[in-house]
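Two complexes are shown next, each including chain A; its partner changes from chain B in the first to chain C in the second.
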Partner chain A sequence: MEQIRKRGLVRGVRPALAMAPFAIYTFIGLGIPTLAVISLAFRSEQGKLTLANLHTVAQGTYRIGFENSIILATITSIVPGILGVFLAYAIATSHSGMLRRLVAAASGVLANFGGINLTFMFIASLGSTGVLTVWLAAIHANPWHYGFNLYSFYGVAFVYMYFQIPLMVLVITPALGGLRPSWREAAENLGASSFKYWRTVGIPVLLPSVLGGMLLLFGSGFAAYATADTLTAGTVTLAPIQIGAVLNGNVIAGEENIGYAIGFGMLVVLSITMILYGLVRKRASRWLR
Partner chain B sequence: MASLIPEIAYEEVLGELPEVKSDPQSRRLPRIRYWRVIVFFLAGSYFLLPLYAGLRFSFENDAGHFSFYAIEAIPSQTGFSQAFFLSLRLAAVTTVLTMVLMVPTATYVHLKLPRMRRVLDFVTILPIVIPPIVLILGVLHAAPLWLRASPYLLSLVYVILALPFVYRSLDAGLSAIDLKTLVEASRSLGGKWVSTLIHVILPNLRAAMLSATVLTIALVLGEFTMASLDLWSTLPVWIYQFSQKDAHIATAVSMLSLIGTWLLLTLIVSLDRSQSRRMRKRTGTL
Partner chain C sequence: MRRASTIHWLVALAITSLGLVSIAAPASSASVRPKASCNWATATSAVSCGGMSALVSAAETEGHLNVITLPSNWANYGTIIKDFEKKYHIAINSENPEGSSQDELNAIAADAGRSDDPDVLDVGQSFGIEAAQKGELAPYKVATWAEIPAAQKDPNGDWYGDYGGYVAIGCDTATVTVCPTSFKQMLDTGQGYKIGINNNPTEASAAFSAVFAAALANGGSFNNIKPGIDYFAQLNKEGNFVATTAGPATVQSGATNIVIWWDYLQASEINALPGYASKWKVVIPTDASYAAYYDQAINKGAPNPAAARLWEEYLYSTTGQNLWLEGEARPIELPYLVAHNLANAKALAALPTAPAGTTTFPTQAQITAAQTVVAADWPTEVTSGP
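Let's turn to the complex of A and B:
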């Protein structure tokens, strides 16, 4: 009897023990810092509960930072999103299996790419004396003479495509597989033109997956810090850059907790994005087994 | 985010896509090829030109002539070797910690607590939702002073950043083997849990652990956000600071670290492929 009870106890304890390291580690490493950011966003320098931080963040330069970040994330989700779908489709329908494998592997690498390496590569190609700039200048099309500036908001958006397009290719390739060849054949046998096939079958089937992919791209563009910071030396007004500035001590005295409020705002935006992603993915999965 | 989509999905997709060639009567064919050429050309130039430019810049001197000076000058630059070895140490510590934490956990969940897989899926996706810049903000506030004084605080946080990649890699690896049969066989032959883990499970997980390791190393060697805000001169932070002094040398280091990481990744992927091919041959039907 004693032994049975003991074994039952062990059975209950063992899973808890086995999961404990992971649970404790993620709680300390992920839970506590996130909760700290959220709670400090609502506290004054003296530790009192307040909405003043959020109030400050909702106006002036911090508000512009958020607006810019959202605009940047929107641009770098829609444009690379569409380009990524075209690229994925071009690759998926090509005859070369090697090309498909190569692009799949390259996308995996490039989707996680960013920061200092990316910055240098683009300065070397499109900086004021970059390779491409010099080539274009030779045919009197120097982009810098036409208002292009790599170290600006749109320069950052252009560079972000380097990891956003591969991310879209990764996300959308399985969905393209859900587009059965038999549907196209059926549509053609019923007399549908290519345009009609895409309008009535292809696009409706793909749309939830494309939207889901764009939401992921939005999150990735909204959260990115390293590339924008190194490319513009922290001069572009974006929410993550402003957090960096606060952490580096570039903040008015008495507003040290502003950083947490910006962080909280970012968490809110990203949570909404991920909830939408979850909803869209549920719809998208209908066409994928 | 690469490993979020399991390898199998690609194979399935590749197998199912329409063979345009098999339809000789289609009048659409030339047009499709035409737009495809444009797409490939644009994508190719957008992705390859910066690589070419970066490499060319690394092999140039200030006068714009071809030169190995930047490559040769790297080791003797102040701070380079400290930064390089700091990054290597952080990568090693992060990898070991991640594996020790995740291999037993993922194995146990697969074997005994399949219902917990959804919880693990959710928890390990969180580091993608919570941006590094926000996470380091909280970490720098919450960490005790003695830990903040050590560079290994970064390793502890990098473990969290690596979770999405590592867990998905291990999860795919564990799903691919018949874990239950293996463990039961080992246990019925009298093997203890620890020896089962070491002699039976780990060898079968080798490919998954290898790819998880490479992803972790690549992540640590390239991480800039947290290291720069924690004020540690890891390799990327050093490169950024040094670029004000000599952009050619800084770019050369950056390109070399990139090429090194990619070579490592390619190596792992090819090892992985040959491994899975062998597995498929052995099991026959798969």
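Let's turn to the complex of A and C:
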């Protein structure tokens, strides 16, 4: 008895030990800074406790920043979310294993592509004199003549699709794998049409995973910084860019705590997103074991 | 890059600020100083501590100098660093060359007490003032102190203007038929103008200065930057403004054929591109002359206090000033150099002609007020929201 209990204890300690480096790393890299952001958001430049920073960032241009960031994140989670599901489904049901592996690898790379490289890639291809623009202009389809502007809010949203769609493909592919062919066969044997199968089986099973994926995309779009910053020279007001201006810039000195307050606001939004994600995940995992 | 998104660099910044709290140890006196000589860490001039030869030997004994945020293609710093190392046999440790002024202040706070704490700073003026107010700088007056204009230095010697330039209009003569020479002319439509500024004016001082210059050209003043914001809003509405971060890449790709930027950066970053030496024409706008200078300062906790002071003496010597000039930046003592025939004539001729008369500068209070206006109004006026 004693022996068994001891073994159980050792068995419990070992995985914890294996986890320790990661846990410590996460605590130093994410935990401490998060606590620091929260604490500094409530302090004045002189270090006194205050609500003034939060008050400042809840109005005026900072409020617009939050609104724009939330709208941008919403657009760039719903549109690529839907496109990503269709793309992933098409790939998952294709008969080419090669294609599946290729798309999986490409998605892994592209989902992490961003920043100045991405910005310049789009300027060079779809800027007003970009390569693609020039080709399209040759067939009288210059997008700039039809209201397209790369350096605008919707331009940023468009560029974000480039990493959001692959991200959705990555997160939704396992869920599609959980949609067992035997369910579809069973439904068809019982006389269900394709539409009925999707309405009563496919969509209900997939919906929590799709929503979960979209929430991840929301977080990714909400917090992205370098791409929007380099693409638009601050003409699109977003919360992360405003943090950059006060914490990192060459112009505004001595307003770092405003940056922490915006950071705190972003933490709140992201925490809500993560809680919702946790809830839909629970629901999603019911079918997908 | 994108993954190094908000959270990640918030993290980095938060660690930096934590460093402030956790590293409470006082600056160690790692450097060995000759017993008899005075303490260079508190010397406010070379003369007060035994003169230049004493400074040189103390600095050479230290043997190291830590500099920060000095890109090698910026104002000729690559050559300056090499020349200083060769001349004095002092090894320069160059940290975070592409960083910002705020990065410099963060570094002296976070690295305090370490042997790699930056010795000297090169910052935008508001950051020099901020550091001085926090008591983080060691006052020091170089031998040529009197030649630095009073408006461009702290009377105490905490910070002092080093090099700078004018807001200038650069234009690609190969693709633009009529190159604009004024802010007013840039409003002309139908000329195919694709005008850019280098980054976000709430973040980058070059872009902020472009807005200030535009204000001066449009009825504004050092007390009123609003007309500058209105100007860019109009430019944007007309379609002449390309709201992206303009620079060598956007010029080469043709996304911008006109850039409003510091004259010295146009020279070192765009004229230096293959084929752009002659076709990229840089002029100071006829309707606005706005100049700004960066500042030098010595970190109070500098681990190499003598080398730090020698670096300043070197930068403000005729050699140092001319090296900046060769990087097409305007050294602060240029009028003195020109008056005494000490300036490198070829480098001087390569600069766009400066406007006649004495250059005036906004005070720090005027700049701070203008920054507040830009931070509040730029994102809402010159905007493309959803």
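Rule of thumb we're sticking to: the second predicted complex is superposed on the first by the 250 of 289 C-alpha atoms of A that agree within 3 Å, B and C clash if a C-alpha of one lies under 4 Å from a C-alpha of the other, contacts with A are read in each partner's own complex, and residues count from 1 in each chain.
In this text, contacts are C-beta pairs under 8 Å (C-beta built on N, C-alpha and C of every residue); 3 or more make two chains touch, one makes a residue touch a chain.
The structure displayed is predicted, hence computed values, not measured ones.
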Combined model on chain A where chain B meets chain C, clash or fit: clash
Partner chain in contact with A:Ala226 - chain B first, chain C second, else both or neither: both
Chain B versus chain C as contact partner of A:Ile243, first or second or both or neither: both
Which superposed partner A:Ala124 touches (first chain B, second chain C, both, neither): both
Partner chain(s) touched by A:Lys196 [first = chain B, second = chain C, both, neither]: neither
Touching partner for A:Ile32 - first (chain B), second (chain C), both, neither: both
Touching partner for A:Gly234 - first (chain B), second (chain C), both, neither: second
Contacts of A:Leu132 with chain B and chain C, given as first, second, both or neither: first
Which superposed partner A:Arg43 touches (first chain B, second chain C, both, neither): neither
Partner chain(s) touched by A:Asn68 [first = chain B, second = chain C, both, neither]: second
Superposition clash, chain C versus chain B, among 38-46, 74-82, 92-100 or 344-352: 92-100
Common interface positions of chain A, toward chain B and toward chain C: 29-30, 32-34, 36-37, 40, 112-118, 120, 123-124, 130, 223-226, 229-230, 240, 243-244, 247-248, 259, 263, 266, 270
Chain C contact footprint on chain A (complex, rising order): 28-30, 32-34, 36-37, 40, 60-61, 64-65, 68, 71-72, 75, 112-120, 123-124, 127-130, 149-155, 163, 223-227, 229-237, 239-245, 247-254, 256, 259, 263, 266, 270
Chain B residues touching chain A - in the complex, by the definition given at the top: 1-5, 9-10, 12-14, 16-21, 28, 32, 35-36, 39-40, 43, 46-47, 49-54, 56-57, 101-102, 104-105, 108-109, 112-113, 116, 120, 123, 126-142, 156-157, 159-160, 163, 218-219, 222-225, 228-229, 236, 239-240, 243, 247, 250-251, 254-255, 257-258, 262, 265-266, 269
Chain A-facing residues of chain C, complex: 1-7, 9-15, 17-18, 100-103, 124, 126-127, 129-130, 194, 196-197, 199-205, 207-208, 236, 242-246, 249-250, 253-255, 371, 374-380, 382-386
In the complex, chain A residues that touch chain B: 15, 18-19, 21-22, 25-26, 29-30, 32-37, 40, 83, 86-87, 90, 92-95, 97, 100-101, 104-118, 120-126, 130-132, 161-162, 165, 167, 170-171, 173-174, 176-177, 180-181, 184, 194, 216, 219-220, 222-226, 229-230, 240, 243-244, 247-248, 259-260, 263, 266-267, 270-271, 274
